[in-house]
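Written below as structure tokens is the structure these notes are about.
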Amino acid sequence: MGLPVPLSGVVPPLCTPLTPSGEVDTRSLGSLVEHVLAAGAHGVFVLGSSGETACLSDAQRRTALRAAVDAVAGRVPVLAGVIDMTTARVLDHARAAAALGADALVATAPFYVTTHPAEVRDHFRRIREGAGLPLFAYDIPQFVHTKLDAGTLLALAEDGTAAGLKDSSGDLGALRRLLVELRRRGLDGTFAVLTGSELAVDAALLAGAHGVVPGLGNVDPAGYVRLYEHARAGRWPEAAAEQDRLAALFALVEAGDLTGMSPTASALGGFKAALHLLGVIGCPATAAPLRPLSGEAVDAVRQHLARAGLL
Amino acid sequence: MGLPVPLSGVVPPLCTPLTPSGEVDTRSLGSLVEHVLAAGAHGVFVLGSSGETACLSDAQRRTALRAAVDAVAGRVPVLAGVIDMTTARVLDHARAAAALGADALVATAPFYVTTHPAEVRDHFRRIREGAGLPLFAYDIPQFVHTKLDAGTLLALAEDGTAAGLKDSSGDLGALRRLLVELRRRGLDGTFAVLTGSELAVDAALLAGAHGVVPGLGNVDPAGYVRLYEHARAGRWPEAAAEQDRLAALFALVEAGDLTGMSPTASALGGFKAALHLLGVIGCPATAAPLRPLSGEAVDAVRQHLARAGLL
Amino acid sequence: MGLPVPLSGVVPPLCTPLTPSGEVDTRSLGSLVEHVLAAGAHGVFVLGSSGETACLSDAQRRTALRAAVDAVAGRVPVLAGVIDMTTARVLDHARAAAALGADALVATAPFYVTTHPAEVRDHFRRIREGAGLPLFAYDIPQFVHTKLDAGTLLALAEDGTAAGLKDSSGDLGALRRLLVELRRRGLDGTFAVLTGSELAVDAALLAGAHGVVPGLGNVDPAGYVRLYEHARAGRWPEAAAEQDRLAALFALVEAGDLTGMSPTASALGGFKAALHLLGVIGCPATAAPLRPLSGEAVDAVRQHLARAGLL
Amino acid sequence: MGLPVPLSGVVPPLCTPLTPSGEVDTRSLGSLVEHVLAAGAHGVFVLGSSGETACLSDAQRRTALRAAVDAVAGRVPVLAGVIDMTTARVLDHARAAAALGADALVATAPFYVTTHPAEVRDHFRRIREGAGLPLFAYDIPQFVHTKLDAGTLLALAEDGTAAGLKDSSGDLGALRRLLVELRRRGLDGTFAVLTGSELAVDAALLAGAHGVVPGLGNVDPAGYVRLYEHARAGRWPEAAAEQDRLAALFALVEAGDLTGMSPTASALGGFKAALHLLGVIGCPATAAPLRPLSGEAVDAVRQHLARAGLL
């Protein structure tokens, strides 16, 4: 399917289900696609941070993207993460994603190296030119360790390099200033601002964001669709109430015991445990080196689901 | 005046006007108090980060607080910052502030030292006991270099140590989770959540925050009062529009040339230049070591004021 | 006593002993002075980070400095820390220290505010002019959250603002480059480079540093004096062996259980526990909000002392 | 060639020369190998941070490693960097490197994800088992954003997972404590500690490190070999003098204008400009997104080379 301009709505960053032996479980990925599309999702984002993209080999990435494209079958746009350290490596992923049928790409600023804004802009421009697909800039400073600044984003919007932003920085003030400036320059009709902050969706939509890419939307896509529709209709108290419910549910990312595992392992393990408990995926395993959740942690996830009315 | 429970509304963190020779300009501080009270502010916060508290000697701090208490004359509550590295030093400021007539205190976690949450809680408890005034916890990780975690804040709310939070962390997700949990525990009627993120006030109020402590509220207190009233009345699109206008005005904090001065100097210099241009204070000087704005920077501030309809 | 130019040798940053009720224990401070002078220390540094200066009130700081000046009685130079957020506040401490008989001052870059190098230089120049005492720049980025850059240090050395550097940054590469450049400009005879990295003293001296300000030198000043003398005499293997012994002893700073206290509390508590076990000070208490060491932690400190041949 | 146990000496992390069109210049890489082996280097490290590994595609990495293995032709060990985000991806690089004839692998902790020490240990163990080659742990927190802690390193040394450490953390205190503890446990004969801090080599060797992996050793391998031999022979003043000379030369990494390029681009561009000026490689180009040095910057590099007696 072509990409709406600007892209809007709820676009869950899909988890990548694995088999007990650590292979990509394409059947479960298909079920997950149905789970979010049945709830009304407006697109899917494959191979993002929630998709454990950092933990997947190139072959696994290709398997997952192919399976997602097949399962979606053109019903909504498929965005593909092309997460790697710098330009040449990202371009290899980008070409692979284009060949597999992705509708758009999502890339971060370079990491492992230090960067200058001029280098970051050049990086995105080379990816856009090299891959021939619409490109979203992915701002996720907790993993990339730099933030995309407003000047860079406006330049990428102005010259058409980027079709939008996935903002997982958590910096709502910067997001708002960007939105105000995009409107002032008449760019909000072509450059989509999508928030990845799953606890500030009502706020981002009130500020004018076009959509949301919520990791927690794997678990409760219907909640995010309701939240989005409340906001579109101007039902802000209802939007806030739905957001509050989802904020409580979000506690499942902290189910893991951080004295023995990383926050990444706890969060991604929490999403997958929830999907497993809901019967959406066949196995809650995460990829090495992420530690698995304990039985007690899974029980905690179960209780969060029950409290949110999902079990 | 006594302190409303919970404190709510617009509580500008007052700039501390200085004379050209660097002394506290008590007359200008009085004018600033009138400027914000005439606009409908519900309280004032003296000696916060916007008040250059880090740059003032103890004598200057006392002069400023005394002048503010005198100027306010009981019309609204006066919150006094007691910003220092650790407990004994904060307690000295706290006793001085109590003697000068502050209605409440605002303290950060310890800094310069590393801290453990148990030490942070103990720190706030000792300040609360030692000073005998309601105490607000001030979360400003960009200066203190640690964030107040939810467990600490809920413990301080539960046992009555803290009357509220001034949240300048910019982390709306954490703020929302705190608000949800405070309501779940029935603590939102006694513990006030005030956002210091001047660009996310509509969002914070939509999430249930009680009020706002906006540095930019020195310059445009009427704007923040309108925003607050729109939000209270459920006029969310109007609140967002007002917030957008203020977000554009906020650019004045970047008027300074960062190749020759710090962001702190640019931001505080921008606030003071604006107040000087508006005729509220007599001199735009900031305290050492902050560099002054250049003439071009002041021109930029003037243009931002004009664009926002303030000049 | 006057200050040697350049200052060199072993200058322990003295702990500030406290009574069980939290007052400065001037008698124990006198014993600590004797402890380090008997071992051959070439100066003392009062009110540094090891002296819990961040945790002491102004009155306690004055008491401690007065007691140290009295106890030293002119036998070696007394450096006084004047640690505070910005210029005006540091100047107040500087004038107090001058009045109490300090021979030199030690100040950090501004903190709590953001800074620009031009502001940092101005800060040190105002302190030097205002206080009339030789000034050491204190580079301790783990607490101040910025590093003093080479350009700033060379400017302060060149115009005579600073009499030297206390480098606790742990960045030996930067230290070496500074030393090479100071020698190239002929400034190493007037600007003293003192390392605060107690585990890299042999390395710093081999690189040309003039002296050392080791927190662990409270506990084992004789070890650091031996290390210094080995280095001066070119006995590098012996210097390294002594440094190795001190590196093993340094483990006492980790005796505390960090699931319940901060690294600062563990380190300063470890130093004080050791001094108490050695009979140098009367009470191992640290100041609020630092948590005290447990009995098991004190046992661990005792074992480290025994293993190092000090008990 | 087999790998000496423990590995020791000077092991330059080779730059990866590129053609003007951005392909790996295998002929220049061969010249670079001769340049460092003629100077007496004891090994080479291909595809490290100095080798722009983050900027090379998988195909380019393979080309570079193959060319280096061919050029070295068994004269010294070839260490191959296998730098990627997490376990599965590193394992793919590891298998490729083994097939291409590397003698050992060099891997970092996982990045892009957050990690727990238990996950880091597991990560290294899986790589060691999966690739069947000796493995060096690469500690480079400025790029990976976590530091390898002593507990992890000692565990990896004790169970034979790691053959050594390449320490680019710059933390000489931690390095020294590790060395003391390795000797105490009798592990210093099997676990090699190599410093990547090119300005603290004399210090690291004095502390007992086995060798050095200096980026600047591309430019002046003979200098590092002299430094190493002085140290081995106990000629510490001569070692320090050589280190001082190299510290002055190191300024070439700052030749680039950081208002328009990143520190990474300036440093790697500086190394390559120097190699080009010395006639070792055919073209000074770096890979996207790194900005090239300006003509003035290249002139500055030339002057540094001249001052160091290399031109």
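By letter and in written order, the chains are A, B, C and D; residue numbering begins at 1 in each of them.
The rule we apply is simple: contacts are C-beta pairs under 8 Å (C-beta built on N, C-alpha and C of every residue); 3 or more make two chains touch, one makes a residue touch a chain.
These are the chains along with the protein names UniProt gives them: A, B, C, D = Dihydrodipicolinate synthase family protein.
All values reported here derive from a predicted model rather than from experimental measurement.
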Copy-to-copy rotation (chain B on chain C, CA atoms, range 0 to 180, rounded to a multiple of 5 degrees) logged as 180
Quick one: which chain's Cα centre is the longest way from chain C's?
-> A
In angstrom, rounded to a whole number, how far apart do the mean CA points of chain C and chain D lie?
-> 35
What whole-number Å value describes the gap between the mean CA coordinates of chain B and chain D?
-> 49
Which residues of chain B are in contact with two or more other chains?
-> none
So in the complex, which bits of chain B are touching chain C?
-> 49, 54-58, 60, 83, 85-89, 91-92, 110-116, 118-120, 122-123, 126, 142-145, 258, 260-265, 287-291
Chain D residues within the chain C interface of the complex | 170-173, 176-177, 179-180, 184, 197-200, 202-203, 206-208, 234, 236-237, 240, 243-244, 247-248, 250-251
